[in-house]
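We call the chains A, B, C and D, going by the order they appear; numbering starts again at 1 in every chain.
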């Protein structure tokens, strides 16, 4: 079981703040994105366009970061300070 | 009559905080320095070595700034902030 | 992470007092000669629109962790004596305090550099989001005050 | 010089409150997004010697005039919204406030630049002198905290 968290406008897009997902084996962030895309295509699109950062256990993750059972994955839209 | 003001360590060197001086005609800062040097050689030395800034009527003066009757001349040792 | 570190970092609903934060930082050392402070406040105008209220949301734990990392790196990299960081969440009215960074040092130069770096780093790395309420509705925004 | 300008400049014996000064500056505009503050405080150590007390003296009128000039140039040259400057004179204990510069702006960048420039300019141009009391006596000093 992993925990998925959505913040700011992503709560509206995902229509939830948090959900739990059963995973049989460890998966990559990329594989998780594919799973999310099926239920919420708009989320998948934003992830592919790099509009969202993804953290695993409160550390920034890359597409090939491995997610294990018990991990917390968060979808982070751009922060209030922007990137400038 | 012009007013001379001494600040910080110059009060000790000049042995006064303020004095008045009669001038018949306008004089330059350079000429005033010569007069001061006669009564207080140490002050004259510090002025020549540019250790002291001189202001006339609260504006920074140069050696050839003209001092008129009624003016206030101040002898300013280096400020607390230094020059760096 | 030590208790000392944690107490210099806060994400909170309540307002804070700049004077109280500075006085707390002064207690760390008797050799502080310069203190640079950055305070971010709620602006009325954003991209030409009048804002009536701001609302901040954060990712608990991760945001605090990022602020602690910023503080530690600032102390290590810039040679300051200490740094404290506070960010408010929840509703913020125009003119109210949002974020405070206090950098103390023996001399002023390093406190300016560390403070300016820290606020830029906070905005770049800390998961905090801002929602603006205007006459046309509410929107999640990015900007760089 | 206008009354408004004069009220933003002060050379005074009494201590000041950073919070109160910031709140007074906030009243100038509803469009302030960033406030950078520099606070100079009394350090215990100077060139390896322990200081027990500081004492500041200024050239009245000329010092105020210089501070007003710094404020006006900062607003004009850096595009900040406003600036206030306070410098204390008389006896100052270790850890006490000496000088405060508050720069307000729409964005943070110009407030950092203006604030750092203003404290450097103050130390360069404003006739204020510092006397340090140590175990070996009293001495008029120059330094750059």
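Quick note on the criterion: a contact is a pair of C-beta atoms (placed from the backbone, for glycine too) under 8 Å apart; a residue touches a chain by one contact, two chains touch by 3 or more.
Note that the structure is predicted; figures quoted are calculated from it, not measured.
*Asks:* Chain by chain, through touching neighbours only, how many steps does the shortest route from subunit A to subunit D take?
*Replies:* Between subunit A and subunit D, the shortest chain-hopping route counts 2.
*Asks:* Report, in whole Å, the distance between the mean C-alpha point of subunit B and the mean C-alpha point of subunit D.
*Replies:* 26
*Asks:* Let me have the rounded angstrom distance from the C-alpha centre of subunit B over to the C-alpha centre of subunit C, please.
*Replies:* Result: the chain centres lie 48 Å from each other.
*Asks:* Counting only Cα atoms for the centres, state how far subunit A is from subunit B in Å.
*Replies:* That pair's centroid distance is 73 Å.
*Asks:* Just the number, please: Cα centre separation of subunit C and subunit D in whole Å.
*Replies:* Here the centre of subunit D sits 23 Å away from the centre of subunit C.
*Asks:* Can you list the subunit A residues in contact with two or more other chains?
*Replies:* none
*Asks:* Where does subunit D touch two or more other chains at once, residue-wise?
*Replies:* 144
*Asks:* Please list, in label order, each pair of chains that touches.
*Replies:* So, checking each combination of chains, I get A-C, B-D, C-D as the touching pairs.
*Asks:* Where on subunit B does subunit D make contact in their complex?
*Replies:* Residues in contact with subunit D: 5, 7-9, 55, 58, 74, 76-84.
*Asks:* Note which residues of subunit C are touching subunit D in the complex, please.
*Replies:* Per the stated touch rule, the residues are 17-20, 22, 26, 30-45, 94-95, 106-108, 111-112, 115-116, 119, 144-145.
*Asks:* Please give the residue numbers of subunit C that touch subunit A in the complex, ascending.
*Replies:* For subunit C paired with subunit A, touching residues are 56-57, 59, 61-62, 65, 122-131, 140-144.
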